[in-house]
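Two complexes are shown next, each including subunit A; its partner changes from subunit B in the first to subunit C in the second.
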Partner chain A sequence: MSMGRFLLRRLLQGVFVIWGVVTVVFLLRFVTPGDPITFIAPLDAPPEVRQNIARELGLNKPLYVQYGEYLFNLVQGDMGYSYINSTPARQRIFNRLPATLELAVAASIVAVVISIPLGVISATRRHEPADYAATTFSLVGISTPNFWLGIMLVLVLAVGLGLFPTSRRAIGFLPAIEMLLTDLDPGGLVTWLWHITLPAITLGTYFTALITRLTRSGMLDELGKTYVRASRAKGLPETLVRYKHVLRNTLIPVITVLGLQLGTLIGGAVITEAVFNWPGLGTLVINAINDRDWVLIQGSLVVIGAGFVIVNIAVDAMYAYINPQVRSE
Partner chain B sequence: MISELLSKLFGGVWETVRGGVSPRTARNLRKEFRNSLLAKLGVVLVVAAILVAAFAPVLAPHDPTTQNLDGSSLPPLGFSKETTQTSSEMVNGSIEVVNETVYVEADPNHPLGTDSLGRDMLSRAIYGARTSLMVGFLGTAIAALVGVTVGLAAGYYGGRVDDALMRSADVMLAFPSLVLAVALVGLFGKVSIPVPDPLVALGVESGMPDSFVLPGTVILVVGLVNWVWFARVARGEALSIQSEEYVKAARSVGASDGFIIRKHVLPNSVTPILVLATIQIAAIILLESSLSFLGFSGTTLSWGFDIAQGRDYLATSWWISTIPGIAIVLTVIGINLVGDWLRDALDPGIEGEGGGP
Partner chain C sequence: MSGDETSHARDASPAISDADEDARNLLRVRDLSTRFFTEEGQVNAVESVDFDVRDGEVFGIVGESGSGKSVTALSIGDLVESPGRVTSGEVWYRNADLAEEIDDPEAVDGDFVDVRQVPENVRRSLRGPSFSMIFQDPMSSLNPSLTVGEQIAEAVEVQRRARANPRSTRSRTQGYGLADMLASTVLPSRSYVSEESRERAIELLEQVGIPDPADRADEYPHQFSGGMLQRAMIAQALAGEPDLLIADEPTTALDVTIQAQILDLLRDLQDETGMSIVMITHNLGVIARMCDRVGVMYAGEIVERGQLADVFDDPVHPYTQGLLGSIPDLDEPASRLQPIEGNVPDLYDHEMGDRCYFADRCPYAMEECLSHPPEFDTETGKPVDPKTDPGEHGARCVLANHEFRPEDALPEEYFAVESEDSSGSDREAAETEEVNTDD
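Our next item is the complex of A and B:
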């Protein structure tokens, strides 16, 4: 199968999954107990007021009509208006999205940059001190709840030593870049970096540990295979064998797992945001759930779910590019 | 002996697990255990955590819920706390405010200190093990039950059934487990089930809470959020087993699908499911602590809950957040080490499955 056809098939599957996500999110309101109107109307509101609210929000229509309208509006990018303060949900969500994306990307960069070299060192120097250090780090890393790690970082580096701020995102990445380009002032970028360091470490540690483990064990597996012996026997330099042949084959399963674990990254972002008071999607979702602001709950869950599906398609495309076998499946 | 006890307690499940572990596998497990220091450490940590949870009322020095505002925020043994005490005094006819630095010393009655309401940290850490392990084991059991059933059916029948089940699994996977769990617990409400504590009921220990609160919604939700991982693994196994000669043979002599799945497919998929279950217990314990931390739990005796409480006192009382976190890390390291031992010995080929917190 050509790369183009493979991508097309994956995209079609993705559209179906996103449709499933939207449907599940929509139905969630109908299977959970509690009438949304009770959260909107005053406690002593007479029934007429309640009926008016229901009519205004379209909640009195039959389920399939509401579903149809929801899909119809969503396709046009309209997610409705917040039950609590009538702001457009789309605007609220997309205002918050950059903060979450910055955090997730920063954490992923930290993770990949540290973990793959660490895994390689660990595998190629098996049973040496460097290997023990790396395996201990990765075991502790996958066993530590990230929110607690964040609090400990705050305790030691922010409260104790005063090196970093305890919370908050002072400036966004794009405004910081803009400041650099228009005013030639790197101050914004420095402030951005200073604020995102602890949250990025908090979110990135689990993945750093996970990828280190996967790289190490994958590389050890590959190093034991016959093609490695053959390459060495025909006199290929060790660096070529290790980094061109072995590492490439090791990265294939690593990428699969990364795609699968993407949800963990987003879930981790939610809790990291809670620890650092980071104004992202996670804090928005939690507040919306506490307020039963259904429009906002549905909107953010759809964005999170759809984002997961889209990034996964990208991961699959990357995977198919590296490993042509996949395309023929 | 242990084997008999387990088979009495869990009946069919235990028989299936035992049937699925061949003598050769058992030999590998023993060999790996003997050679691996880490495997031994893992088993020690896990057994310790289980014993602490089981005998919490006997081990805890105080009732973990008793407040004592006169002895609040006491530091652990070996530490002292510096606080400023403000008092006003009459000096020469006018009121003066005096700030005085006082050192609060640790109280040997509270070796790990107390929290902001004067509750004993050691006792809370001990009782917290109950919540974590209960949610970890019960949640994993629910996830395995749902996931293995769905996965075996999908892999065995293939075709439309497989497509439908696996597409719904894809939809489930699109929601991060923590986000989905927060949404479900938040929207369905927190259900707390008080379970009488047998040790207190039998009079072995008095002065301890006479019932233990099980966070019902949380257990159900963490199970339902994580079934997908079991479904994926079970499907893969069923897919390869259903084309084996012995399955065809069974089919040709008229064995029903249910019989084949129960007697052939399931026992042969036990190894990877077992390894996955171990990883899942660790993941679910981390998930439970995250939920409790965010305030989506049904109990206040939880490590995650205590960490959240200690956040407000980070600058003055570091131990309130620190101690429960160490308890979580030790427990999860233990479970992960056991998982590594099983994986190295059984080699089920499921590296990286199973989702984090």
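Our next item is the complex of A and C:
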């Protein structure tokens, strides 16, 4: 099957998955305790006021009508208005989205850049000091709680040594790039990097450790296969055997995990965001849940779900590119 | 069996006539030992093996599972992996060009180079031109994520680069920098193989009898059948135009009709290229069909070797006799097969005494079999120095020296004790087999 048809099929599947997410998220409101009107109306509000609020928000209509209207508005890009302060939900979500994406991608880059070389070294120098160091690192990385690591990094590198800022996202990535291109001023990018380093390390450490282990064990598996022996027997240099053959095959499962992880990160990293006061989606969702601000909750979950689906389609495409057996299935 | 006819037919062919006088040796293996260092202990997978391979001949190594034949193949191919290691011995390949370049007098003997004594990069440059190897399972012997043509072409490419720039042959990366390597992990790798190499790969596929080679070259291993894949494997091994092809159970994973085709193919290719073949198999039919000379392996040792006809018609070692006795005779369908009782010992160092390892299963075991290891003697009774004359028919057995006398036989009780714990060592033997093949 051609790559184009493969992708088209995945995209169609993705649309249905997102529709499913929207439906489940919509229905969630009706099975969760906590009427939004209680939160909006004053405590001593008479029933008429409450009914007025319900009518205003459209909460008095039958379920299927609400669902139909929600879907109708959603496909036009209208996610409704926050129950709490009447701001458009879309605006609030998409204000937060860049911060989340930046952090997710930065954490993934940290993870990939460190973990794959580490895994390769670990596997090719099995039972040597480098291997023991790498496996110890990954064990520690997997078992270190995020919030503790974040606080320690702030304490030592930011407060103690003053190398990094303690928190905040001073500038977005896109404005920083714009600054670089229009004013030829790299200052914005430097500031951005400076602020994102600690959160990215905090968020990325667990995945670094995970992928190091995955790369190591995958590579050891591959190295034990007969084709490696055959490649050596036909005279290939060891570097070619290792990188062209073995690493490429090792990356097949690694890419899957990376994609799932990136998808998870788009959902926001609540703890890391809290530690570094990072204005991402995670904190938005948590606050919205506390306020029973269903419009905002629904909108955020739909965006997160869509992000997850898109990342997975991208992963599928990469997977098919690197693994020919998938393409022909 | 029909093998005799085949072997006599082979005797008439010019390549092997007067083998003892004129034929030049291509490979000399002396005192080769390979050990596996496992958590359960040291496994002596190959123990002091000597043999020669001559120009244009097929040398067969036959034995049961766990007898060390595959590890022998890997050892002469310098492909033993951890936890295994070739611990002693010499593996001399004839390679005049290389012999000239090497300064170390220890590692060179005339035109011969000792793989064990040259540096790693020189060792690698022997792979391809001096020897190549094919394996049992074609499905796992090719990389599933690269096209078949690509894998053959890259083998051609490596040799082409080596010839174009002999200096870099000895360098670590052979013209591939680390950046190229990393890029080749993620980019379509075809760009690292020249068009000439691709064309040569298609020629090779045609040579091994794959129809529509140009189209099939762009297919992946999972799109090939087992037999076709084994042909592609052979094409890949031929890419370096090797003097010696080491074939480790090349037909075991294939069904019978395909087996015959592959053996015919190997034979034809040998006639075309004049290469020698070391044929590793447990299948005596394959040996009879293919080989000029044969070595019988048991418990890591070659216990008997010689011209095919000598060994098959007049076996000296009781193990060889047992192996031949376990083949069904089509002329006498009513006769019962005579299997060899018991199993190959598990080869752990601490359990390997100074004795004949076959004694526990041997119907002719005598007291002296347990006291010292039998010398490698010819059937004439004269001890033969394997370093000077490994070509003659000989067996590592006291029976080579004198007849079996029933009064020398070991008492019944000896075997009774052995058979009691043999059930326990069965499992260990199976595990050892795993160690031998998988590591």
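Definition applied: the second predicted complex is superposed on the first by the 322 of 329 C-alpha atoms of A that agree within 3 Å, B and C clash if a C-alpha of one lies under 4 Å from a C-alpha of the other, contacts with A are read in each partner's own complex, and residues count from 1 in each chain.
As a convention for this text, a contact is a pair of C-beta atoms (placed from the backbone, for glycine too) under 8 Å apart; a residue touches a chain by one contact, two chains touch by 3 or more.
All of these numbers come straight from a predicted model, not from anything done at the bench.
Contact comparison for subunit A: of subunit B and subunit C, B touches the greater number of residues.
By the touch criterion stated above, A:F72 is placed in contact with neither subunit B nor subunit C. Legend: residue contacts after superposition of the two complexes on their common chain; A:F39 is shown touching neither subunit B nor subunit C. Contacts of A:I304 after superposition on the shared chain: subunit B is touched, whereas subunit C is not.
Within the superposed three-chain model, A:Y132 lies out of touch with both subunit B and subunit C [touch as defined at top].
Those residues of subunit B whose C-beta lies close enough to touch subunit A in the complex are 167-168, 170-171, 173-179, 182-183, 186-189, 282, 286, 289-290, 293-294, 304, 307, 310-311, 314-315, 318, 321-322, 325, 328-329, 332-333, 336-337, 351-353, 355-357. Interface residues of subunit A, counted against subunit C in their complex, comprise 126, 224-227, 229-240, 242-245, 247-249, 251-252, 322-325, 328. By the touch criterion stated above, subunit A contacts subunit B in their complex at residues 13, 16-18, 20-21, 24, 28, 32-34, 139-140, 142-148, 151-152, 154-155, 159, 206, 210, 214, 217-218, 253, 256-257, 260-261, 263-268, 270-271, 274, 282, 285-286, 289-290, 292, 297, 301, 304-306, 308-309.
Those residues of subunit C that touch subunit A in the complex are listed here as 74, 77, 79, 81-82, 124-125, 127-129, 131-137, 140-147, 151, 154-155, 158-159, 162, 172-174, 176, 178, 181-182, 184-186, 189, 192, 220, 222-223, 233, 236-237, 239-240, 246, 438-439.
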